[in-house]
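Here come two complexes built around chain A, the first alongside chain B, the second alongside chain C.
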Partner chain A sequence: MFDMLLGGLGLVSSFSTAALVGAGLIIGLFVGALPGLGPLMGIILLLPYAITFPPVQAMGFLIAIYVGGSCGGAISAILLRIPGTPLAAATLFDGYPMAQNGRAADAIGIAISASALGGAFGGLILILFSPSIAAFAAGFGPPEYALLAITGLTAIAAVSDQSMLKGLIAGTAGLLLATAGTDEFTAAERFTFGLFEMSDGFNIVAIVVGLFAISEMSNLLTGNDLLDRPTLSIARPGFRTVLLVLRHWPNLLRSSSIGAFIGALPGAGGVISSFTAYAVAKTFSRADERYGEGAEGGIVASESANNATAGGALVPTLALGIPGDAVTAVLIGALLILGIFPGPTLFAQHSDIVGGIFLVYMLANIALFVVGILLTPLFVYVLRLRKLVLIPTVLLMCAIGTYAVGSSIFDLWVMFAFGIVGLILRAGGYPLAPMVIGVILGPLLENNVRRALLLSHDGLRIFIDRPVSATLVFINAALLLCVFFFTLRRHFAGRRSKPLPVNT
Partner chain B sequence: MTGPLVIGRRTAGWCAVALMLVLVALVFEQIRDVLGPSGMAEGGPYDNAAAYPRGVTLVLLGLVALQIVVQVVARRRVPADGFTLRQLVRPAAVIAIFGLYLGLLGPLGFHLTSAPMLFAVMAVCGARQWWQMIALSLAISFGLAWFFESQLDVVLPGGIFHLNIPW
Partner chain C sequence: MNFKTIVTGAVLALAAISGPALAEYPERTIESILPAGAGPAMSVSQIIADAMGKTLGVSLTVLATPGAGGIKAFQTGLNKSADGYTIIDGYVAPLVLQPILGKADWKYDDFIPLHAAASNAFAIGWRTDETRWSDFEGMMAWGKDNPGKLRYSSGQRNNLPHLVIAKMLQSYQVVAQNVPYDSPPTANNDVKSGILDFSFVNVGSYKQDPEALKIGLVLSDRPAAKAEFGGAPSITDINADLGLSGLAPMGWDWWLVKKNTPSERVEKLRAAMGTAMADPDVRTRIERLGFEPLDWDHTHYDEIVSGVRDQLSTMADAIKWEEDALKALK
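Showing the complex of A and B:
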């Protein structure tokens, strides 16, 4: 592990890396603070810029956006009572009342300090656990990898905010979309419709930008607040707020552990972890702490948990190449574009890059404390930005960013088409993250299914003949049973309830 | 929410199901008409390029069938929320403007199309300070062009007039 970190140190110790991490944090805090954007959108929009750098610097930039974006939502939650991202929804329970009591600067300072400390804890988990998991997975063969990919997909569908069945449908459609292009085994062109631009399949950036950014902008356009400019007074938190956080150290440790653990589970992201940590902190709190009325502990719990989630989510992402959510799926996409294949091989062959990624993650969390505290007044100004400026700017960035990846007008039409697809799926209540994860995991799944069948003498029996893959088959079967059980339970529970009036 | 529903959640759900069925149909059509005749839909795991997509499509078809059952059975309980005409006009107009922009980007180039697109979207959003909108549109489009062209060496579409600024 220390060799890995020492190897990474050589890649990280440069001014350009530090500058990229700093820039990523500022952008992350910016997109996190603005309602309607968020870390995923920030990463998507800046992905074309990031991939012009070497792998560790590119990941430093993108991870810093992830870290900053996970924290930035707290600023608008505290000041406006509108969480900039769903990750900060639990923060407003106590952050907004605290601001109303005249302690807005303290609330923001506590949120940033807790985010930085929670994120650093998540980083320690990442550094301690991912090498062991990668070492264990080094013995995996095609059947295990194929089943791991399926597990990643079923798990994210199983914990989808919306219908589990819809999550599975979206994920399976993503697997299917990934088959377009040249078949890696036979070099045959599949589903290209005679278009040479399709021979490499769909551009992942075009898919992600279309699905998330276009549909999100369209969603913002349905609101009536496009011309509104919030009036806010400038809050200037101080570095001493870290002491306020450290007074809640048992809560900080517990919430960070919850965040890192939940982050490592595929599909269970920062929203679940922040609400869980908040609920647990409230249960353990003293009566005089008055959760929900401006308790410092409430902000510490939700913010430390949602930033620790980022570290936890990177464990399966780096060690197994299995993304836990849409953000880590895009991070894997970035690594693949840069020619780096996450998983045990990465740990074995490019340990310096892994060490570098660990270090930039830690650096981003340490820098978050300084950058966040110093630049909070700037982000308060950012909150005054009207959506009528934000929406066209994001649309132009979608176009220019997608074009920049391959200088292809065709990719722009792919983005547009996926924007329409995203709108339809979103309106129909389908989660979009499983579709992106399906597209990312598709090639991994297909290659390993076919390799496993080539190795097998008994067809599909190879998947249950080996202990690890048999266990994964069992886990997948259990997850699928859960999906069907909960779908049926929701149905029957609904039948017993009074039917809702239908507007015709 | 004001006005009658134009697209309710139930209709949107059926649109999504239809989209998935189109995807399924496309895959089967391609396997039958393109991969099959060229011999890529037969043989073992190595040679058969159609087996895996066919398998995934069958799984998708099964899941969509289950979703159809769920939607039919639960049709009376779907909440009566959705989008009204007033809510849909603005996103539809912006999508149309964006589509038009993408269509003109190739022939006319980035610099001639981006600022008008930004201006039009701001106008649809309700902005009416015309000079401010023109200034913002030009600043945003040229600012982003400068960043991508001079800092990242991306050559943006110049169109038939080959309009590329040597920053």
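Showing the complex of A and C:
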């Protein structure tokens, strides 16, 4: 391991590598913060430029976009109640209320610090345990993924305690929406209404941007202060925000571990990890921490988890050549173009490149903390814009971002339609996040249940015959009992004051 | 009307008149629509796109549009203007196979070919510690003794590997269960862990980890394909006619534009792609990924594509046979 890192150090220690990582981070933070765009889009757009560099520098640039983009979505979630990427959907539960309470800079500072620390934790996991975690993750098959999706769905219970029933209705609607498109198992079209644009289902970015951004901007329009310049006194965040995060160190370690573990499972992704980490943190929180009303721990949980996922996702990517998520699939593509084949042979034949990639990932997370904190005042400036300027600007960004994902006008209509759905849900007091959870986890659950049943020669027994799968059945049952128990306990303990009507 | 207004108006009018006259194709980014997600195929397209972009003087981006067996990508391309700014990356499955299966209503001659891009051989592999059989014939014998028990993946349903494997199984009268996976590496991993019996393996996956699976049979009769899989047995090494002979090279793609695209633009694109495909550096980079760069220019399109279409048409009932045989077992 030491030799690998030492070999990589030679490839990393140059000004151009540091400059590329810095540039990648800034790009990542911006594409993450702009609703609709995200790290995947940023990496795809800059791939042709990246592959003109040697492998480690190219990966440093692309990984920095990944790291910055995974964090950048939190900025718009906190400031505007619009998750810049689906990864940040869980961050707005506490980030936005915190900003509304006058602590916008702190909220962003916590998000950046937690992202950097969570990402660094994921990096340590990557460096120390890559081969063994990859071997464990390789044992995950369709039954385990199906049960993992159920674990993710339990997060709905945690994010909809204003009304559990409405949360479950919204989550179920999300699961149903996820069934639209071409059925992977029969090649039949479902709910496509003859539209080829629907042949791959709804674009998740269009759904998230529509649900959150359109409804939020419409909500802002109803005020009488369109022309007023907000008179917020916006403090600059300091590097001290790392101390605020470290106060929540058990939460940070737990959430980072959840993120790194889920990231290491190919196909699971950062959205599941951030919601799961948030749900677990909230479940084990004290009543006076007030999750959902601006709790620092809520931001720490979701942001450390989604950035640790990036490190985790690099484990199967590098060690097995299996992409951990959509972003790492593109990273594999970049490596292939550069003549590097990820997988066990990479560790044997190009250990210096593996070491270099490990190091640029760690460098990106450390630099995220510095660059992010320095750029925060620029982002927070958004809060000082008149609504008359802010609303059309945000809507334009949303439209550009959503269009850019697939160069599709149809996606803009989907975004608009889900904007109306979001307005109706908000008016009815239905939380929006469970619908996003349902849409994201729907395919993972459905496809893996069906795949598992096709693979099984004994029907449902496949879920309990395999040790890891049986363990996950047990964990899911225990998690549901925990959610039930702690929710009841919180209700009985009562809240010290009436909760703010935050509708997320 | 003051002087400033007159000058501004004159400049705008001049710009409006002279704009189209000065404009020379290409003026902006050209998109190549790939009917697949990120992976080795996208990397190959990116290599060709970058080389073409350098010749054309504009950037050429690869738009990954997976879904519905490539139909979504083709529909997306067909819905764009025939102006030379959209290229459709025409893989066999959406171009030829989906129309044969009745899933798409276009014909291969609805498109104008630019140049052939690359081909990618594939094989089937099983886990290295498999004890139930040691070679392909052994696997077929086991499958025949245990109808419906073999589980395999061809990646997505109704793609070229699915059709070819179904045809192979039909030849041996072996009933097996196809299990669709959206990510071929995940399917290979499930073979490795023993939950799946065998799966298709492309050269890219093989090169990433040659020791991961035992390559049981290369589904091509080309010597080059056999060599790409480390000399593993190919269909020429077994004593049965799988109906696959001559179906080579499989898994190719042609870059296409819509009919009615102005001919001078088509010629520019053809020239750029011809230059790219002849570039030794481009060829080396494509070969490194396990793909074979193709030399066919547009004049070979009808001959090659119609030949493969005719051959695939005779195999089209194999997937239906597989479905019916599985239903009959239940």
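Here, the second predicted complex is superposed on the first by the 273 of 504 C-alpha atoms of A that agree within 3 Å, B and C clash if a C-alpha of one lies under 4 Å from a C-alpha of the other, contacts with A are read in each partner's own complex, and residues count from 1 in each chain.
Quick note on the criterion: a residue touches a chain if its C-beta (ideal position, glycine included) is under 8 Å from a C-beta of that chain, and two chains touch if they have at least 3 such contacts.
Since the structure is predicted, the reported quantities are computational estimates derived from the model, not experimental observations.
Undergrad: After superposition on the shared chain, which partner residues are touched by A:141: those of chain B (first), chain C (second), both, or neither?
TA: Touch status of A:141: second partner only.
Undergrad: Using the touch definition from the top, say if A:344 reaches chain B (first), chain C (second), both or neither.
TA: second
Undergrad: Quick one: is A:329 in contact with chain B, with chain C, with both, or with neither? Answer first, second, both or neither.
TA: second
Undergrad: Give one of first, second, both or neither to describe whether A:185 is in contact with chain B, with chain C, with both, or with none.
TA: both
Undergrad: Determine, under the contact definition given at the top, whether A:388 touches first (chain B), second (chain C), both, or neither.
TA: A:388 contacts chain B only, not chain C.
Undergrad: Between chain B (first) and chain C (second), which does A:218 come into contact with in this model arrangement: first, second, both, or neither?
TA: It touches chain B, and chain C stays clear.
Undergrad: Please determine whether it is chain B or chain C that touches the greater number of chain A residues.
TA: Between chain B and chain C, B touches the greater number of residues in chain A.
Undergrad: State whether A:53 touches chain B only (first), chain C only (second), both chains, or neither.
TA: So A:53 meets neither chain B nor chain C here.
Undergrad: Can A:129 be said to touch chain B (first), chain C (second), both, or neither?
TA: neither
Undergrad: Is A:430 in contact with chain B, with chain C, with both, or with neither (first, second, both, neither)?
TA: A:430: touches chain B, not chain C.
Undergrad: Hey, what residues of chain A end up touching chain B and chain C alike?
TA: On chain A, the overlap between the chain B and chain C contacts is residues 48, 185-186, 407, 451, 454.
Undergrad: Can you list the residues on chain C that touch chain A in the complex?
TA: Interface residues on the chain C side: 31, 37-40, 42-43, 46-47, 49-50, 53, 59, 61, 63-69, 71-72, 75-76, 79, 103, 149, 151, 156-158, 177, 179-183, 185-186, 189-190, 192-193, 195-196, 204-205, 207-212, 285, 288-289.
Undergrad: Can you check the complex and tell me which residues of chain A touch chain C?
TA: Residues in contact with chain C: 44-45, 47-48, 51, 138-139, 141-142, 181-182, 184-187, 189, 196-197, 199-200, 266-267, 320-323, 326, 329-330, 332-334, 336-337, 339, 341-345, 406-408, 447, 451, 454-455, 457.
Undergrad: Contact residues on chain A for chain B in the complex?
TA: Those in contact with chain B are residues 48-49, 52, 163, 165-166, 168-169, 172-173, 175-176, 179, 183, 185-186, 188, 190-191, 193, 214, 217-219, 221-222, 226-227, 387-389, 391-393, 395-397, 399-400, 403-404, 407, 409, 412-413, 416, 419-421, 423-425, 427-430, 446, 449-451, 453-454, 487, 491, 494-495, 497, 499-503.
Undergrad: Give the list of chain B residues in touch with chain A in this complex.
TA: 4-5, 7-9, 12-17, 19-20, 23, 26-27, 30, 35, 38, 40, 44-47, 49-50, 52-53, 56-57, 59-60, 63-64, 66-67, 70, 73-74, 76-80, 82-83, 87-88, 90-91, 94-95, 98-99, 101-102, 105-106, 110, 114, 117-118, 121-122, 125-127, 136-137, 140-141, 144-145, 148, 152, 154-157
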